[in-house]
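Take a look at the structures listed below.
The same chain A turns up in both complexes below, where it pairs with chain B and then with chain C.
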Partner chain A sequence: MRPRLFYRWRTALLLILTAAARLAAQNPPLYTKWINYTPANGFPEGEVYSVAVEGHRVWAGTAHGLALIENGRVRKVFTTANGLAGDAVMSVAIDPRTGDVWAGTFGGLSRYSGGRFKNYTNLSSGLANDLVYGVAVQGRYVWVATAAGVNRFDTYTGAWSIWNETNAPFEEPWCYGIVATPKKIYVAAWGGGVLVYDLAGRYWKPYTDPDGSMEIVLYRNEGLIHNIVSGIAYNSAMRMFWASTYFGLSGFDGRNWHNYLTKDSGLASNFINGVQTRGNEVWACTQKGLSEFDYKTKVWVTYRPANWRALDAAKAVKDSPGEVIVTWPDGKKRKLTTATSLAHNYTLNLAFQGKDIWVATAQGLSHGTIQISAGGKN
Partner chain B sequence: MKVSFKGVFLAIVLTIVGWSPASAKGRSAKHRMDPVPYANMPNWAVPFGRFRKPYYRWYVEPSTLGYDGAAREMPNGILSRLKTINIGVLAPLDKDNPDSVYGIPMLHGAELAVARANARGGYDGKPFALKVHDDLPLWGASSMAIDKMDYDQHVWAMLGSVNSASTHIELRAALKLEIPILDTATNDPTVTETRVPWLLHNFPDDRQQGYALADYIFNQLKLKHVVVLRATNRYGRKGDEVFLDVARRLSHQPVLEAKFNPGEQDFSTQLRMLREQGFDGLVIWGNAPETGRILKQMRALGMKQPVFASSRACYPQVIKIAGRAAEGLVTVCAMNPDRKDPQWLRFRRQYLERFHTQPDAYAAYAYDGMNILIGAIKEAGLNRGRIMDALRKYEMHGYQGVSGYAFFDYTLNNIAPVTLARVRNGKFIYWPEHRTDWRGSLPPFMQQAARLANR
Partner chain C sequence: MMLWKPIFVAGLLLTWLIGFGETEATSAQKPPAHPIPYASIGAVHYDGPNRQPAYDLKGAVIRIGLLAPLHGPQKAEGLAIVGAAQVALRNATRHPLAGGRKLALAIADESVPPWGALGDEIIRMVLQQKVIAIVTSADAVSAHLSEQIGNKIGVPVLTLSSDPTTTEINMPWIFRLGPSDTAQAHMFAGNIYRARGLRRVLLVAARNHDGRVGSTAFVKSARELGEPPPATLFVDSFQPSLAPLLSGIRAHSPEAIVFWTSPQDVSSLVPPLREAGIHAPIYLCQAATQQGSGLTFPVDRMRSEQHLQSNGIWTVIPPGWGDSVEQKFARRYQTETGTPPTPIAAEAYDAITLIVKSLRQAGPNRARLRDRLATVHHYLGASGRICFDDKGNDQAAFQLVRLQGPKALVQRPRP
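Up next, the complex of A and B:
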C-alpha cells in the first residue's frame, strides 16, 4: 500500500472510530431488565430505605427489618425479634475486613457479627441519638450519622467520639448520610449542608448554601444548592462529592459547584432522597424515578414504572412495564418502554454490584441489569 | 381607616371560610390560585430583591409539597379490628421543663377537640384516643417517641411539638415513617421550608412575627437605631435571624445584638452595654419571665426607650413581673384573646369548665389543629397517605378556628396576619397587624383568595 493511501485510510478510520466512540458515549447503556423483591417473593412490605452489596449478598434496610438476599433469593429477614435494634433500618454498611454488617435503625445501631446482633443505643453506649440515618466503615472506625450529631466508634478500643453543634461547625446537628474515604469523612446534614472531616488535620469544614435563604437559589452554581441535604457520595475518579437535597443535586470538584434542577437538566425531580456515584455516573434517587447523570457526556437517563402516576399496590408487585427517558445535553429527549421496571418510582437509595444496580424503592427492592443502549431499540 | 379595614377584613374572611376542604373536592388544578409572594413577604424583605432576580424560587408553586410515594397505596386500616383511632401527641409536659407552660395547654386543647369529636360519634363509632409522649428538655431524647407511635401504637397522625429542634427531628422521622403531623406550637419558620409534605403548621411563625415587628418599628414608628436582646436557645436564635434579615433589608441593621441565657436573673451587663451603645428601640426575643425582668431592670436603670418583643412575651406573667415597667411594651401575639366571636367564647367557656383555667394561644391552636386533623382522618379514612392528601387541600385556603383566621400557603404554613398588643394600664390591648405595604387594603394572598371565592 502506498504511503499516501495508507494515511488516507488511517485518517478515515480514526474519524470513524472517534464518531463511533462519541455516539456510544451519547447513547449510554440502559438498564432495561428489572427483578423486583416484594412481599410476593418473601421480601418485607413497605419502604426500602437502604441497600448494600457484599459480593453475591445483598443487604436491604426496610421498614420491617434487615433483609438478606443471596443468589437472587430472600434468605432471611432480621427484625427486633432476632435482636436487631429497630425495625426501621435506614442504613447498612459492611466492614470489608471482617464481614460484619452495621445497620443504622430507628432504635440505635446494630452490629451483626458471627450470627449475632450487638446493639448500641443512646443509653447503653456513646451513640448520640437512637435515630441512626447513616453508617460507614473506615478501617477500624465506624462512623455514624444520627439525629443529634456524628459519632465515631473505635472497634478496637470501644471508644466513642461525638461531634455536634457544641464542638464542630454544625449549623444544625441533624445528620442524614455519611461516607468514609481514606482521607475524609463526608456528612449530609438536614439544615446544615455538607460537613467534611479531614482525618489528617482533624478539623471539620462546612459547606452551606451561600445565599443564606431557604426560599431561593440566587445563582445556578453559587455553591451548595440548599442546606437540607439528604444524601452524600464521593467519587474518587472525578474527585468530587455529590450531595442530594430536596431542592436539587449539587456536585463539588474542589473549586466549582455543579448544580442541577429539573428546569435545567434531565433530573426527574428536585426532591432527591439519596445519591450514589460510580465512574462518570451520578445516580439521583428521586421521588419521580431514578435519574442517572453521566458527568462526562452530560446525558441523563431516568428510570421509572410506565404507569407511575397511577401505580397501585397490586400492579407494583407484578412486573409492570417501565419507562426510560434519555435527555441529551441539547435538551432533546427520547422515551423508551421496557417490559419490566423498578418496583416503584419513589426511589430512596442505590448500590452497585459490578455493572448491576440495586435500587431501594417505596415498594420493594429492584435489581437492574443492562440490556440495550439508548441508541438501540427495545 | 381602622374600622373600614376591619370591615373589609371580616367580609373577606367570611367569604373565604365558606370554603371547606370537602367542597374543594374535584376542583381542577387550573382553578387553583396563581402563586403569591412567599410567606406573605413584603417586597422590601425579599432576599437580594434590590439586586437580582433569583435563578429559582421555592415554595411558590402548587407542586411545592408534591408527593409521589407509596403511602396512599398501603392497605387501609380495618376499622373492625381497632378499638380506638390513635393520634400521637408529642409535647413538653414535665413541669420541670420551662416549655411545659406551652405544652400543657397544648395538650388540653387537643384533649378538648378529641372529647368533642368523640361526643359526636368519633370515627364511625370508634373513639379517637390520644397517645401522649413527653417531649423531654434534652431534645434528642424524645426522638424515639415517633418510632414508638408508629410501630407500637399505630397512630394515624400526630400533633406536636413546641421546641423547634424536636419538631425537626419528628419531621425527619415522619418523612421516613410517613406519618402526618399537625404542628401547632413551633415558631421556627424552617419547619415548613423542608418540602416535606407530611406537616401542616398553624401557629404564627417567626417569619410572620419578624415582618410585623420590623414594619411596625421601622416603617410606622420610624425608629432607626434598634438593638436586639435575645435568648441563647434555638427559639431566640431563629427568631432573631429573621428579624435581623428584614431589618437589614430595610437598611436598619440593628446596631447591637446582645444575648441572655434562658432563666437568667440579672441583665445589668447586657443593659449597660446597650446603654453605652445608644439606641432608640429594643427588641427582645425570649420568654415572658426574662422579658419581664429585662423591662424591670431596664427602667430601673433609667432607660426609657420603647421595647418590642416576640409572641412568647405576650403573657400576663410579663406584667406580673415587670409591674409598671411593662407599660408601653409592644409584642406580637399569636392571637387576640379579647375577641368576642361565639366560636372563641364557647371554646373559652368549655376549656375553663374542664381545666379550670383560661385557655391561651397554645391551647387554641392545638384545638384547631386537632380539629383539622380529625376532619382530615374522617374525610380520608384510615390511610396515612390519604390523610396527608386531605391536609394538603388546605394549601392556599383558609380555616376559621377558635384561634382566629388561618391561611395556609403552598408549604402548608399559616401566613395569616398576626396580632399586635401593647401593655396599657396593666393590660394587653390588641390590634390586628396592618402592614404599610398593604396600603390600607388586604394582604396580597387574601386578595387572591377573595378573587378565587368570587369565581
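Up next, the complex of A and C:
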C-alpha cells in the first residue's frame, strides 16, 4: 500500500506542478504601455543604435548624436559640435564607479566625464580603429570592439592593449559587440563567431560555426549558428552567453548549445541586430520586432507595431497600436493588441531599468512598462 | 485465463523483435548520403525603415561612392576601375535625373592602411558626402568594411569582390557582381582534376583575406571531387625576394598551378616560371587578371575538348564577354583610357550603370534603391548578364577561358 500511496501523491504533485507551470505560462508579464522618443519630443531623428541606463538617466546612441533622457524628458543631445567623436553613436557604456559615459562612435571613442568629452581616435591614441561598434566597462578597464580588433584601455595608466588576428585566435578582426563580466570578456565578431577572453588565464577562446558553411545550419544545436555575430550578452543567473546573428539566436551554457530560429520558436525574425538578457529572459532585437524568450517556461513574446508591414509608408508612427504575439512551448500562438507600441519593428538594442525596458529602434527610442490593473492582472 | 499471459508476453516480444529488425533494415537500406541541413538561409528580406520621401537624400548632386586602390602597387587596377566608372557615369548622365539633379562620383582611396583610415574613408563618404550607394573594388576587406557600415547606416553596397562570404550572411544591403570564389574554384577544379586528369596541383595564394578565402574555396572544391588537397604556397606582399617562392614552385614540379593572388604577383611570378621552362597550365582567379597583371583581354574561346586541354593561362569570365554591349563599352573605355578593359573594369561600369538605372526608378533614397537593386534579375551589361539571386549573388553562368596574354607571359605552349 505504501508505495502505491507514494506514487499517487507523486502523480498528484506532478499534475499540480504541471498545471501551475501551465497557468504561469498562460500569463507572462506583458509590456503593454509604450512611450516613444522621436523628433516630436526633441529626440534625434532616425536610428537608435544603443541604449544604456544609469538610475533615472537613460543614454541613447543615435544616428545623430548621444541623447540623454532624464526623468522621462530629453535633456540634451550631444553631437560633434559638443565635442563628441562622431555623430553616429553605435554603443554606450556607463562606468558604475565614476559615472563616466563611454560612447563608441563612427569617429572614435568618447569619454564624457565632468561635463566634458575626451576623445580617443586611431591617430591620437592606441585605439585600433575609429569604427567603434561596442564598448564595455570592467573595473578600471574599458574594453572596445572596433573594426580592427579589440582594445583594452586602462583608465588608471592610460595604457592601451590590442588583440586582433595577429596575436589572438581571431578569424577576422571585425568586432561588432562586446560585453564585460568580472571573469570574462565576450566579443561578437563579424566572421569570427564569439571570442571569449579569460581575465585570470589571459587567453582567448573562439567559438565558431562548426558546420563549415555560412548558408546552412546542419544540425539544430551543433554549435554557434553563424560566424557573423551581431551582438553578445552574458547572463550570470543562467551562466550562459547569448549571441545574436543574422541567421538566428544561439545560447551556450558551457556544455550545450541552444539555438533558436523562426522555424522552431516564437522568434520574430532570424535577422537579429542585438541581444540582452535578464533573469530567465533573453531579448532578441530583430527586424520584425522585439522577441522575448523566457528560458525557463519556453514562452516567447514578440512586440511590434500592429501596422508594421505598412509602417514605412505610413506618415504617423506615433501612438499606433501595438501587436503582442505570445507563442507557447507547443507552438500555439495568441495575438493581443495594445493601445501603444514600439516606435518601429526594426529593433537594434535594449536596456533594462528595473522592470522597465528601453528599446532602440530604427525610428526612435521606446520605453516599455508592464501595466498592472487594479485587480493585479497584466 | 492462465494461457493469456504467456501468449500476450510472447506476442509483445515478437512485435518488438520484428519492429526492431525492420527499423534496422530500413536504416541500413537507406543511409543518408548527405545529411539534410536543419536550416538554410532563404531569401533575404529587408523590413527596415527609411523608405519615406522624408528620408530622400537632399541636394542638387547625388553622389555614388567608389572605393578603389589609387596608390601603391595596385594603383593600375584602381585607375582601371575609376576609368570604367567615369565612362559609365558620363554615359548615364546624358539624361538628367528627375528635378534636374546631377550625378557625381565620390572616390575614396582604399590603398590607405586597411585597419586604420579605410573605415574613416567609408564613413566620410556615407555620413558627410551622403553617397546613395557604395561600389567597392575586388578587395574583400573593403567589401566587408563597407558592408558592416552599410548594414548599420543603411547604404546599398555593390561589390566587385569575389568573396562569397559577403553574401552568405542574410544581409540585405550587399550585391556582388561577377563570379564568386566558389564558382571559380569549381570551374578550375573541374578542369584540372576531371577534364585533364591532373593530380600534382599547386595552389599559390596571397597571405591575406582574399588569398585565404579563395584558397579555401579551391581546397573545398578539390575535396568535393574526391581529390586530396593541393600543395599550397603563400605569397607575402612584403616578401623582399621572390626567389625562394619560385624555387618552391619549381620544386613541386606542378602539373597545374592555381593563383589566388594579386595581379602584381602574377606579373612578377608567371614570366620567370615560363622562362624556367614550367609550362603547366596556370589558372588565375578573376581578381588576379586585373590591370597590373600584364595580361590582356580578349580571350580564346573554348570550342572543343582539345581546346580545354591546352596549356596557357586560364581564367573565368562572364559568358556575354565579347558581345555587342561589351564591345561598345570596350571601344569607349579604350578610347578614354588607352587600355582594353578587364572583366572587373566592365563590372565596375555595370555597377555604376545599375545604380543610376535603379536610382531613376527609386528616386534618391537609399532604402528604395536597395529594394530596386534587389529586383535585378536579368540585366545585360558590359560584363555579361547580371542576375542577382535573392541573397544578392550574381548567379549568371560563367565560363572558363584561355587568355591571349603578351608574349612575356604566355610563351609557346607545350606541344
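Note that in this section the second predicted complex is superposed on the first by the 341 of 378 C-alpha atoms of A that agree within 3 Å, B and C clash if a C-alpha of one lies under 4 Å from a C-alpha of the other, contacts with A are read in each partner's own complex, and residues count from 1 in each chain.
Going forward, a residue touches a chain if its C-beta (ideal position, glycine included) is under 8 Å from a C-beta of that chain, and two chains touch if they have at least 3 such contacts.
Keep in mind it's a predicted model, so treat the numbers as computed, not measured.
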item	value
Simultaneous placement of chain C and chain B on chain A, clash or fit	clash
Touching partner for A:Leu267 - first (chain B), second (chain C), both, neither	neither
Touching partner for A:Leu342 - first (chain B), second (chain C), both, neither	neither
Partner chain(s) touched by A:Ala103 [first = chain B, second = chain C, both, neither]	neither
First (chain B), second (chain C), both or neither touched by A:Val326	neither
First (chain B), second (chain C), both or neither touched by A:Gln363	both
First (chain B), second (chain C), both or neither touched by A:Tyr49	both
Contact residues of chain A, present in both the chain B and the chain C interface	46-47, 49, 63, 86-88, 90, 106-107, 122, 128-131, 133, 147-148, 172, 174, 176, 190-191, 211, 213-220, 222, 228, 246-247, 261, 263, 269, 271, 287-288, 308, 311-313, 344-346, 362-363
Residue ranges of chain B in contact with chain A within the complex	38-39, 47-48, 52, 54-59, 66-71, 73-75, 139-141, 143-144, 146-147, 150-151, 168-169, 172-173, 176-178, 190, 193-196
Chain C residues within the chain A interface of the complex	35, 37-41, 46-52, 115-117, 119-120, 123, 127, 144-145, 148-149, 152-154, 164-165, 168-171, 209, 367
Residues of chain A defined as touching chain C within the complex	46-47, 49, 63, 86-88, 90, 106-107, 122-123, 128-131, 133, 147-149, 164, 172-174, 176, 190-191, 211, 213-220, 222, 226, 228, 246-248, 261, 263, 269-271, 287-288, 308, 311-313, 315, 344-346, 362-363
Residue numbers on chain A that touch chain B, as the complex places them	46-47, 49, 63, 86-88, 90, 106-107, 122, 128-131, 133, 147-148, 172, 174, 176, 190-191, 211-220, 222, 228, 246-247, 261, 263, 269, 271, 287-288, 308, 311-313, 316, 344-346, 362-363
